[in-house]
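Below is one structure, written out as structure tokens; the observations come after it.
A, B, C, D and E label the chains in the order they appear, each numbered from 1.
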Amino acid sequence: MTKVLTINQSVEMGIREFLKFLLDKSKVKGVFTLKKLNKGGDVAYSLITRSDELKDTVPFFPLMPINAGKLLSRFTMNGATSEPVAVVLKPCELRAFIELVKLEQGFLENIMFISATCGGVYPLNMVHDGTIDKNLSQYWTAIKKEEIPPNLRPACKACTEFIPYNTDMTINLVGNKTLDSQCEIFIESKKGEELAKDKDIKKKYSEKESKKKNLDNFRGKREAEKKKIFDEITPKLTGMDGLINIFGKCIGCHGCSKVCPICYCKLCEFESSDSEYGPSHYESELRRRGAVRVPPNTLYYHLGRLSHIAISCVGCGSCEDVCPVDIPLSIIFKKIGESVQHMFEYIPGKSITEKIPLTTFKEKELTEIEK
Amino acid sequence: MDRKIGVYICECGPNIAEKIDIDKVIKAVSPLDDVSIATRYKLLCSEQGKKFLEEQIKKNGLTHLVVAACSPRDHQHTFMTICENAGINPFLFQLANIREQCAWITENKEEATNKAIRLTKAAIGRVRYHVPLEKKEIESNPDVLVIGGGIAGMEASLHLASPQRKIYLVEKTSQLGGVVTNLEKTFPDMQSCPKIIQDKIDQVTNNDNIKVYTNCEVTEILGFFGNFEGTVTQNNNEDKTTVGFNVGAVVLATGCALFDPTDDPNYGYGKFDNVITALEFEKMNLAGNIRLKNGKTPKSVAIIHCVGRDKKGYCSEICCMYSIKFVRYLQNKIPEIKISNFYTDLCLPEKSYQKFYEQSRGKKNDFIRIDSIKITNPGNKLTITHNDEQGNKKSHGVDMVILSPALEPSVDTKKLAEFTRISQDDEGFFAEEHEKLGPVTTSTEGVYIAGCAQGPKSIQNTLIQAEAVAGKILSSLIPGKKIEPEVKVAHISESFCIGCKTCLTVCSYGVITFDSTKKVCVANEVICRGCGNCVAACPSGAASLKHFTFNQLRQELKEAVL
Amino acid sequence: MNNSSDSSEDKGVVIQVKNTQKETVNDFLKKAMEQGVFDAVLISMKVPAGDSFAYVLLTDKELLKDTFPLPPIMSVQGAKAISSITRRGKGNKKIAAIMRPCEIRATVELTKLGQIDLDNIVLISMDCFGVMPTPSFIKDPEKSLKKFEDAIRIEDDTVMRPVCRICDKSSMVAGDLHIGTRGVQKDAFFIVSNTKKGKDILDKLGLISNKNIDTWLAKVKENAKEKQKKRKQAHKDLQSSIKNLDKFLDTFSHCINCHNCMRACPICCCRVCYFDSDKMKHPSDDYLRIAKSKGSIRFLPDTTIFHIGRMVHMSLSCVSCGSCEDACPMSIPVAQLFSMTADETQGLFDYIAGKSLEEPLPLTTFIKEELSEVEDVHD
Amino acid sequence: MNNKNSNSDILVIGAGIAGIEASLMLSKSDRKVHLIEKNSYTGGMSIKFEEVFSNMECSTCMISPKQQDLLQDKNINLIMLATVEDVKGSPGDFKVKIHKKPRYVDMDNCIGCTACFDPCPVSIKNEFEEGLSTRKAIYIPCAGALPNVPCIDTNNCLRFQGKDCQACQDACMFNAIDFNQKDEKIELNVEAIIVATGYKLFDPNNTPHYGYKKINDVYTALEFERLYASNGPTQGKIQLKNGKTPKSGAIIHCIGRDKQGYCSSVCCMYSLKFNHYLKSKIPEIQIFELYTDLCIPGKSHQKFYEKIKQTGTTLIRATDIKITQQGQKIAITHTDEKGKKRNIIVDMVILSPAIVPNTDASQLANILGITCDDLGFYKEENQNISSVVTPKPGVFIAGCSQGPKNIQETVSQANAAVGKILSASQEGING
Amino acid sequence: MKKDDDFMPKILTFLCNWCSYAGADLAGTSRLKYPTSIIPIRVMCSSRVDPLFILKGYLNGADGVLLTGCHPGDCHYQSGNYHTRRRFAVLKKIFENLGLEHERLRLSWISASEGQKYAKITTEFTQKIKELGKNSTGTEIFL
């Protein structure tokens, strides 16, 4: 049984109303959510402090311009905010942020999370080719019916962690047939309860006990889709040849690491002088191979990045969104990520106290690995 | 600077010369970049060999040296010394092991030669990236902070104090002496405890070089071996006064606590009169007044061993012996008394203990092996119900029950472990550095543990540990002598570190701290042991290990597989 | 290297094409390698999957047959490839690099920035007809390649990237040797030497620079003139579309701060970009304060400062190669904007990025009497 | 040697763990140490063990770095094959006479190539391996022993038996073999002495009812240690005398406890360790442990016991144990806890004997002017003051020569003995 | 496949200074025989072995990479090898999932007295690598 706050408006209006209430009542000093920037339909995360600025917000717009976990890390990197801020974000973004907090890249204090059961988002290129708006109504129809909307990013289609962890409030989006008339906000924490509590609230909002929707059906669909997508990539992961075929077209822009919420290093090891070849290095490689790709280390970069982040990869799909040459990064990283996480029964970002597997160990484990 | 690498291949008599085509190795490595000379010699570790190498370095103006010979475990030290004598930094040297791991493992000369070429090339590839490392010397403070004014803390202090070395002895309670002040006699030779402890207290208080702080607690310890800063807070009055001082080492001698039998309802402790703990009995005995609650002298007593052992999961080593000592107390003071000992296993682990036990047995003393026990109080008497060896239920009525509880970590353990960045073992005691070889040292260099704070032990063994701590400090923290830390240590680049603390979490020695203003991790090179765990853990490449840097190893492995 | 237009001889070598132009270029390189003029060649090659191209440094002559001197896309800017080889210093091998003029020009700029050591490098440029946008190419590489080859045959630049369509330096001779194919008969092309290094190579190969190259020069000039016109017009259009701040911001509103443009840019060679450094990381309260003053801010609010800042840092060396736009996942016309700005800023100093090694970077030098127009006039 | 500094030298007797530990510490404090070892190798008893309880750490890995340090330490004068003959004087000025037997192999010239072994015609039982393998007359006790320099056993060497053999000398390329080495008398002047001469194990021949030496496949603890050791005679393969793998085994605790009259404190733990040894090599083996009282003091030891219990071992509290041959197998009759007579049949028996004083303990005590207690261990002056102090000022004891103890306690005592010495000689301290 | 007999793999072997390197030395001093395919790289602790070194070695054409260290619980630096084990497990899992020949990576605990085990493991591993054949990364251009 979870406490639910019901606002008799559409989810979009209702959540705006709630955010307005939070700002107007000074319960928070800022709201961090997606906002339309212009008539062109550009959507970006914004930090809003005045409630009149909320009118253009689109908290559950099916797009992830950049992983909000990464942005929150930038926001709180140099210390917790001294004033409360409400953040509306997707489950994978929240998990990314939790993971970053564990890595000392941000602070949770004074941040209130509003998340939702997530139906997934569209690829970024739908923004510039202008097709995203056309897809919106079909998106919400599918979500209501607990279906996977077509044209979503592969990472989202294959996402089975669509229910947020560590959130203070959750909005039910998936399978919610009353999206257009009712906004139900599930209160999931003490902090959430504090925020929703107010004299005024009673007049405007009704309070009831409700069971969070069982989404096993939807999960099943996602699992099936994930299997399909993984099955598609698996035959391509045939060792060195397969990897060269997949990663051969990489132009080395490292955009994938730049947008990856987990890649938090100041200077990526693969961009450091340690990863450069000196002239003698080239010459010895040439002696052996007869030819060498320049700049080198394409596979080393991707495999190395995998070895660094797979354990914490939240499968948010940002990497693939920005890849200028359409390498199916999100699926490869998700597949590998889940396989290594599974070894330690670890779900990145699920728990704030659980240690990241590579920072700890058990004396009795993995004994089969040694021969 | 131009590198001039000299490559010297040791024949090691026939050991290498007959198994490896040395000339082929020379031919293969001579044309490599920076190699200015590659040659062979019959036995480089011999006196002539050493002289030869030294002369060669000087004559050829070598800047780097590679020797292909035996295992570094044998002669790395020898050749580094030669480098030093010849005027090049000993770290600009690399030894290729072409004997133990090459010549001696195959009968195939061609294969051995190929491998030797690889190993030598790898050493050359690596040595090119070596940088000179200099031994550092760190000023150190010989003074010592001893926490805990029990017998361990006092013993350590007395052994350490000298005009060149001040000792700050901090005791939480108002008086020195610790748990021993409650005891009448020691086991097994029944010496007088008040005398022993008073002697120590007198020696400590009369020693000008020991400053005692009673009613005081340590509230902060910063720094590292040779240069700690401790803060002590006085609990005397309302306004707490703090004292700070610099010391070179910290001794944790905080003793232990007794398991609280209230936790186990079987013993009736706290519920029934005349069920008392060992410590309560010691005090009663010391006061010369073994009486029941009603003032009468007990006619029968049960001593129950191993109280709390199940819960704690370890044998406390001394309970059997002090229980037997109680038998002696009782026999002395109330000769006609009937004593029953209930035990699970008799633990008498010292050369004289068994004799002590045997001599304490008597007609009126039973030693009964049990596997479970329950104390009830149906009438005036306490009733002990237990299963005997045959599995039969038996009952005894006694006037008094003495519980011999397990020893457990004292309450301050966790706090002090955090202060000193050492770990606690699974039982909650301070964890020693190494179960066998480092019983009184800890993972933080300069922090030592003595006595029951490290685990249950007798007075005798407690004193041994206190003296052991003294030995450790006296041999490594010498007044006027600087500390020479390891040189092959970790370093974290401030500009590349992102402060994720991954390195910090994997370090076993508390070397890495987090600078919260700069938000970067910092490795204390003075206490680093140079394992390199943090380096492999760092995703940014900000951490590096001197002499085992990314580049050095990369070059080595690249040449090895080329 | 000398200023090309002043000192290049008006003569060149004519090479007869056998089979295809590509094969002939390869033959030339092979011959040069066999004669020890070069030890290695840096050149484009199809990647194994066939869906893109990559620079390859090769010493194995047999591999030359698989190379693709001017591929249909510029997946990696060639200057970056040369920098990767020589940033740590020159090697022992003499390397010939076959690239487009804009890549050679970026190479010259990076040399001035200390990122390249040209001592053992011979730069060979070729007349460039433009490249296709990488994102569109990789959608269907096979079809795109055909489209590209057709487009070159009929000299139709509509499939090429916008910056290529208005490139007026596509035949600029900036390296040691230049291969001229514009307006030359199908069965031949010119090799023109631009430097002493280039001339020496021709000499070593026994190639005599004695053929008249007037037809090529005329065609090049005509092409440049036409492109200059188009370029002016395009810049004018672009300028009007961003004439106020709002419009400017709108153009960049897609930007998701991925900084791919910077990473793909050959000139942006900083190890850590200033705009990714700690200097751009502020305490949360600062962000909140700014938000409060405006009611709402985009987060991160660094988009504009990044792009304008980057212009400040690199526009004087921008060679209008278009790599940034190729790499932009949001299809922002970054290259068009940057190349327009570059024309303006470089114009201030009569500087053409990559034209000459001798000319210092404008911000590393000054002339006492210049730029008075930007100063305040005190009445 | 009349230099005043020589009086700050320390004599350490015994290069086992205690002696090594004490020597290294003293060297670190800039003391010159003379370390006397009667054997040709360092490390004492502990290098015979493959693993040590309770963390089952590899013993060689644990000790060999210390041995290496010892050999490279310039402050430590390691005198091997040596015994103390006479001690005179008082604290600060002991005059010690050492008898050093020749190794007949030059420590500096020998490079440890072992080329001299093969040609030696002699083959005798290797006592280091408890006679489970053979060695030559020129030998090192086991692979990996340190220093890695052989020694000639003159009792068995043909040359020293009057025959004309110099096979080893001919095989040596480094002129390391020197038959002309002579016994040496060394005189030292030292400030203090640490005695760390260790222990031996109770000889089960004194308790014939256990069938030792009469029944095949009844082993002592040390024999079993070597059987399990990866550098031992079977390279760690646990096998019966007939080469077969045992299907069952019994470990008998407290061998000799009755006779000796004390509990040796470590036998229960090392017996449990043997259980682990057996299970790790032969997972399906059935094991019985017969004990009287389980003595597992120490904070981490019970956990080890519980872990062993979980592997399915049968632990029997037994008395009246008698071991007899029964066909190919071994029968163990005993009385169990409930007083019932029982009989178990196993393939292999391991006896865990008590720790007893070393053979020459009392002789050395006489030389040093210290005393032995009634058990034969060195007697400490007064147990409660410190167990490392002897009644003779300036002479300290450490390790099992003082009484049975585990490695941790041994190291503590070594540390403590050093603490005593260094503390007493701090400047400005009297006594 | 006929050429297999001539194929001498290159197996990069990381050894920790305290246990495994001593064990490998012991194999030598005991004159145990094992293939010369094994190329030792000495590090102070197995935990110094960054998974990137293994990756790097693999991409540089090592036919196999063998990582050795003290047995769990025996680490000279307390717990380094437990971290090593996790890192190795992660890398191996990545290899498995990418279809790379994870059999070319191996982790083995070798104590200072296990010369025998070292010889056995290295012989076995070399045999395994011979079955797998040459690692193609050594000649690949587009890595």
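Keep in mind that, in the parts below, a contact is a pair of C-beta atoms (placed from the backbone, for glycine too) under 8 Å apart; a residue touches a chain by one contact, two chains touch by 3 or more.
Since the model is a prediction, treat every value here as computed from it, not as a measurement.
J.: Just to be sure I understand the contacts, which chains border both chain C and chain A?
T.: Touching chain A and chain C alike, sorted by label: E.
J.: Going by C-alpha centres, which chain would you call the most central?
T.: Taking the mean of all protein C-alpha atoms as reference, the closest chain is E.
J.: Measuring centre to centre, with centres taken as mean CA positions, what chain is farthest from chain D?
T.: C
J.: Based on the averaged CA atom positions, which chain is farthest from chain B?
T.: Centroid comparison gives C as the farthest chain from chain B.
J.: If you tally the C-beta contacts, which comes out ahead, C-E or B-D?
T.: B-D
J.: When the C-alpha atoms of chain B and chain E are each averaged to a single point, how far apart are the two points in Å?
T.: 32
J.: I'd like to verify one number: the distance from the centre of chain A to the centre of chain B, where each centre is the average of its C-alpha atoms, in whole angstrom.
T.: 45
J.: Between chain A and chain D, what is the separation of their C-alpha centroids in Å?
T.: 62
J.: Quick check: how many Å separate the C-alpha centres of chain C and chain D?
T.: 76
J.: Note the residues in chain A that touch 2 or more other chains, in rising order.
T.: Each of 77-78, 241, 244, 248, 266-267, 269, 272, 280, 288, 290-293, 296, 358 in chain A touches at least two other chains.
J.: By the touch rule stated above, which residues of chain D touch at least two different other chains?
T.: In chain D, 55, 57, 62, 112 touch at least two other chains.
J.: Indicate the residues of chain E shared as contacts by at least two other chains.
T.: 22, 29, 31, 51, 56, 61, 73, 76, 79, 83, 87, 138, 141-142
J.: Touching pairs of chains, all of them, please.
T.: A-B, A-C, A-E, B-D, B-E, C-E, D-E
J.: List the residues on chain E that touch chain D in their complex, please.
T.: Touch residues, chain E against chain D: 18-19, 22, 26, 29-31, 70-71, 73-74, 76, 111-117.
J.: In the complex formed with chain E, which residues of chain D make contact?
T.: Those in contact with chain E are residues 50, 55-62, 64-65, 112, 114, 143-144, 148, 229-231, 235-236.
J.: In the complex formed with chain A, which residues of chain C make contact?
T.: Within the complex, chain C touches chain A at residues 40, 42, 45, 47-49, 51-52, 54-60, 62-63, 75-76, 80-81, 84-93, 134-135, 138-139, 250, 253-254, 256-260, 263-264, 271-272, 276-278, 281-285, 287-288, 291-292, 295-300, 326-332.
J.: Any idea which chain A residues touch chain C in the complex?
T.: It is residues 29-30, 32, 35, 37-38, 40, 42, 44-50, 52-53, 65-66, 71, 74-83, 85, 124-125, 127-129, 241, 244-246, 248-249, 251-255, 258-259, 266-267, 271-273, 276-280, 282-283, 286-287, 290-296, 321-326 of chain A that touch chain C.
J.: Spell out the part of chain E that touches chain C in their complex, as residue ranges.
T.: Chain E reaches chain C through residues 141-142.
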